[in-house]
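Below are two complexes that have chain A in common, paired first with chain B and then with chain C.
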Partner chain A sequence: MLMRVIFPAIVLLAALNPLVFPQWDAFLTIVFAKALPVIGIILLLQAGQVSFGHAMFFAIGAYTAGFVGRWMGGGGELVLLLLAALAISVLAGLFVGIFVVRYRYIFFAMLNLAFSMVLFSLLEKFIHITGGSDGLRIARPTLFGQEMSRANYEFGIYYVSLALLALAIFGAWRLMDSPVGHAMKAIKSNETRVEYLGISPRRTLLVVYVVSAALAGVGGALVGVFQGIATPDYAYWTRSGEFVFVAILGGAGQVLGALAGSFSFEFIRVTAAAYLGDTWQLTLGLMLLGIILFAPAGIVGSLVNVGNRWRGRRTREKPSPLGQAREAVR
Partner chain B sequence: MSFQILVLAALDGIAYGALVFLVAVGMTLVFGVMRILNVAHGSFYALGAYAAASLGIAMAGMGLSPWLAFPMFIVAAAVVGITVGGLMERFLLQRIYGYEETLQLLVTFAVFMMLENVQRLVWGVQPYFYSDPLRQLGNVNVAGITYTAYQTLFLPIVALAVLIGLRWFLRYTLAGSVIVAVTEDREAATAIGINARRVFFLTFVIGVTLASLGGALASPTTSVLPGMGAEMIVLSFAVAATAGLGQIEGAAVAALMIGLGRSTAVFFAPELEVVMPYLIMVLVLLIRPEGLFGKSTARKI
Partner chain C sequence: MNALLSARDIEIRFGGVVAADGVALDVFEGDNLAIIGPNGAGKTTFLNICTGYLKPQAGRVTFKGRELLGSSPRAITRLGIARAFQIPQLFAEQTVLENMLLASASRAGRLGMFTRLADISQRGDAEAILEQVGCSDVKDRVASELPEGKRKLVDIALALALKPAVLLMDEPTSGVASSEKFAIMDTLIGALRAQKVTSVFVEHDMEMVSRYANRVAVWSAGRIQKEGPPDEVLTDPEVIRTVIGS
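Take a look at the complex of A and B:
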């Protein structure tokens, strides 16, 4: 229902939106692009692992787009920039992933954080290459070989982002229901048993980690070329925290949660900044606490629960006996 | 010449390590007892620094003796610890002890975001400078290097006192033994009548007080500005993880290592200054995943 009816409907609405409310284009492009890393976070959360460092791949994507664009001259071609960002973030994901998939929970979260802080510091310190804290300017690339005016370019990027997001959501949805996806869920409930079944938890996690890095890299490249700049802040740990935040906000149980969460997050940020002055972080923090304490399934998960109850089906997920037993042991 | 640079780097590193230790030991204590990694821990460091700087400036404005700054640091830290830390534990953390680690981490992240915002609302974005205590203690001469006594003597002495005091507290007092009991086995401790909730509260307040004491003591040596908490949290995590989470003496060694590593980098490879702590942490964790002093735990099937 969710993925077969609601998801195509949302994509269709989003595709028609620029014809009705073109003033929303810029906002929605950012929403789409920033939902990509969140999909990666949701995939990792299937195994109960949370990364506090995925901003590093986000930054890698953005800087790759900047460097390749500069190297090609005049900004380069968007498709090539995205492909380059994809390739480099896959490589980086493989490199970091080989180390971090050996760790779980807090250590997994914080080793990712350490790696991203290393990247952040390098981006900030090597001023002659990266432009330091002022960031790297990214010139406007061509789109499918076409030179574009600013308005057309933003219009084009809107659809590129939407298409990539739809593809990513669909792919991640399939991945979650694939053997790898089920192995991820099994890792969350009991990793040792997964090993006894002959599945390597590390390899499973590594595959998903690389996928999540690739998603974050493409998201970063999109934001970079859209905003025309990549700064070291892209790699700062608070941004990684925001990705995790958005995943929980939208609902970590469903891939669609990434879009719902990203939309709500950016919406709150923009409106709180406009109407409540400098309190958007406070608002978002309260919102996050509210979600975790009162609706831990997130926006999409809660809607699904409400929908199920409304249809008289009590399919709400109960904590497994194993999980309860482990809580008791703790 | 290069010897003098080494001395300078050592002094810098020790002073810095002492501050990081104060913050990291609070974090590791809280983690050891409550199994919660408090992302907001760095914010308490920042709150302590802001509280001390603004109180210090106010006191200087009233013409009080600069020596009063030293007791003021402790008061400021305790106030932050008991009010902010106490409220956070009582009204927030107590609700989430049964949650998954991921959600616990995010709850503290939410608190971090809120506290960062509150700091900006209360103190603005202008940096604060408060260096009276630094001047008050004068300078000392170490191997031909003139350095502030505050950093060469006072900070390490405080850190050492905290380390010894904490050890003594945990080993030889009833409250400390109770904390250790809950750390070792919460269920058994509860079964013999220990109130785990009260222990959690006490531990958390102590942890927060230590972090804000670190901030208060740091305020004369650095400008107090937004973002200092975000930076400190990753640093103190690096220390805690390098040592092995929950290891108090280990945190002292790791803080010293990271402090020295960082100050050496300042003089010999300035680009690597900020990277140094994370490099040390990554290297240590790659070789010993449970940290330098951590114990590996048996896997539960």
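Take a look at the complex of A and C:
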């Protein structure tokens, strides 16, 4: 139901949106692009692992787009920039992954954080290469070989982001139901038995980690080329925390939670910033508290629960890790 | 006749407790070998050693002539030694069938990202094994919801789904209602014979041992006190004193 009806309906509505409310395009482009790393976080959460460092791949994607664009001259070609960001973030995911998949839970989270902060420092300190805290300017690339006006370019990126997000959601949904996806869930509930089935938990985690890094890299490249700049902040830990926040907000049990969470997060941030001024972070914090206390399965998870109850089913969505922590305390 | 699984001179201590002090034990093809002995004698430790979970301070364990010590549980599983647990070790959040399919997918080397787990071609095998152990009725239930007896059987079924050459079981029917024990063991032993699986099981229930084992090894004070056919071993006065009579 969720993936066979609601997901295509959302994609269709989003595809029609520029014809009706073109003023939302920029907002939604960011929503789509930032949902990509959140999908990666949701995939890792299947095995109960939280990364507080995925912003590093987000930054790697954005900076790769910037450097490759500069190297190609003019700004390069968007498709090539995205492919380059994908390739480099896969390599980076493989490199970091080899270390982090040896650890679990808080150690996994913190080691990811450490790697990302190393990258943040490098981006800040190597001013002559990265532009330091001023960031790296990303010139407007061509799109499918076409030079574009700013309006057409944004229109194009909107659809590129939407298409990539739809592809990623579908792919992640299939992945979660594949043997690898089920092995991830099995790692969460009983890693010893996974070994005794002849499955390598580390290799399984590494494969999914690389996928999650690739998603974050492509998301970062999209945000970078859309905003025309990559800054070290892209790799900062608050950005990593934001991805985890969004995953919990949207519901980590369903891939679609990434989109619901990303939309809600950006919506709250934009409206709170407009109407409540500097207190938008407070508003987001209260939202997170509310979700953990009253809807631990997140937005999509709670909707699924309501749907199940309505149809008389007993199954309930799993609460997010923070929701589980709360249940453990109770 | 060459032993399939062979342990020699196994020594292992936990602090001051000696679990094994020069244990030698052979498992031959087609065996249903029961290991009996007082509580805490080291029977489960032996299974942990054979599957690579623990490393003894001394000794050798070979499988088809190949040294096992130093290999991981995963590598040993891949060689064809599967294990079932005394306390069922299931994937609590997944259904019984998903538990089984994961084992089958692993056995078949089909751990991909693109096919659905439910669509793998080994599904028929997995369902047949569930049928054999009498768990077809719960295959769509989430593992954590099962009663203890069923969990135990699914745990064994998971090991069987790996199509092992040797199956090591730790008290296969503890936790199963006593009225069902024999029926379950009948089907289990039948399934093992049908699949030509050699088995080793740790057991406390002497009736089970005399009924289903073709050989018995008595593990006591870190040694194999006696070994042989059940009618001979279980009537031995010393065995009765150390194990059965107590």
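The rule is simple: the second predicted complex is superposed on the first by the 316 of 330 C-alpha atoms of A that agree within 3 Å, B and C clash if a C-alpha of one lies under 4 Å from a C-alpha of the other, contacts with A are read in each partner's own complex, and residues count from 1 in each chain.
Quick note on the criterion: a residue touches a chain if its C-beta (ideal position, glycine included) is under 8 Å from a C-beta of that chain, and two chains touch if they have at least 3 such contacts.
For clarity, every value in this text was computed on a predicted model and none was experimentally measured.
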### Message
Given the alignment on chain A, is it a clash or a fit between chain B and chain C?
### Response
fit
#### Entry: Partner chain in contact with A:125 - chain B first, chain C second, else both or neither
first
### Query
Touch check for A:246: first (chain B), second (chain C), both, or neither?
neither
### Message
Taking the superposition on A as described, I'd like to know which of chain B and chain C A:45 touches: first, second, both or neither.
### Response
first
### Query
Between chain B (first) and chain C (second), which, if any, makes contact with A:279: first, second, both or neither?
first
### Task
For A:31, decide between first (touching chain B), second (touching chain C), both and neither.
neither
### Task
Would you mind checking which one, chain B or chain C, touches more residues on chain A?
B
### Message
According to the stated criteria, A:190 is in contact with first (chain B), second (chain C), both, or neither; which is it?
### Response
both
### Task
Considering only the touch criterion stated at the top, classify A:177 as touching first (chain B), second (chain C), both, or neither.
second
### Message
For the superposed arrangement, tell me the lowest C-alpha distance between chain B and chain C in Å.
### Response
7
#### Entry: Common interface residues of chain A - those touching chain B in one complex and chain C in the other
190, 192-193
## Note on the structure
Within their complex, chain A touches chain C through residues 174-175, 177-183, 185-186, 188-190, 192-193, 195-200, 204, 207, 211, 318
### Of all residues in chain B, those that touch chain A in their complex
35, 37, 39, 92, 95-96, 98-103, 105-107, 109-114, 116-118, 120-121, 186-187, 230, 234, 237-238, 241, 245, 270-275, 278-279, 281-282, 285-286, 289, 299-301
### Summary
Residue positions on chain A within touch of chain B in the complex are 45, 48, 50, 52, 99, 102-103, 105-107, 109-111, 113-115, 117-118, 121-122, 124-126, 190, 192-193, 236-238, 241, 244-245, 248, 278-282, 284-286, 288-289, 292-293, 296, 326-327, 329-330
### Summary
Listed in rising order, the residues of chain C that touch chain A in the complex are 51, 72-74, 77-78, 82-83, 85, 89-94, 98-99, 101-103, 105-107, 110-118, 120, 158-159, 162
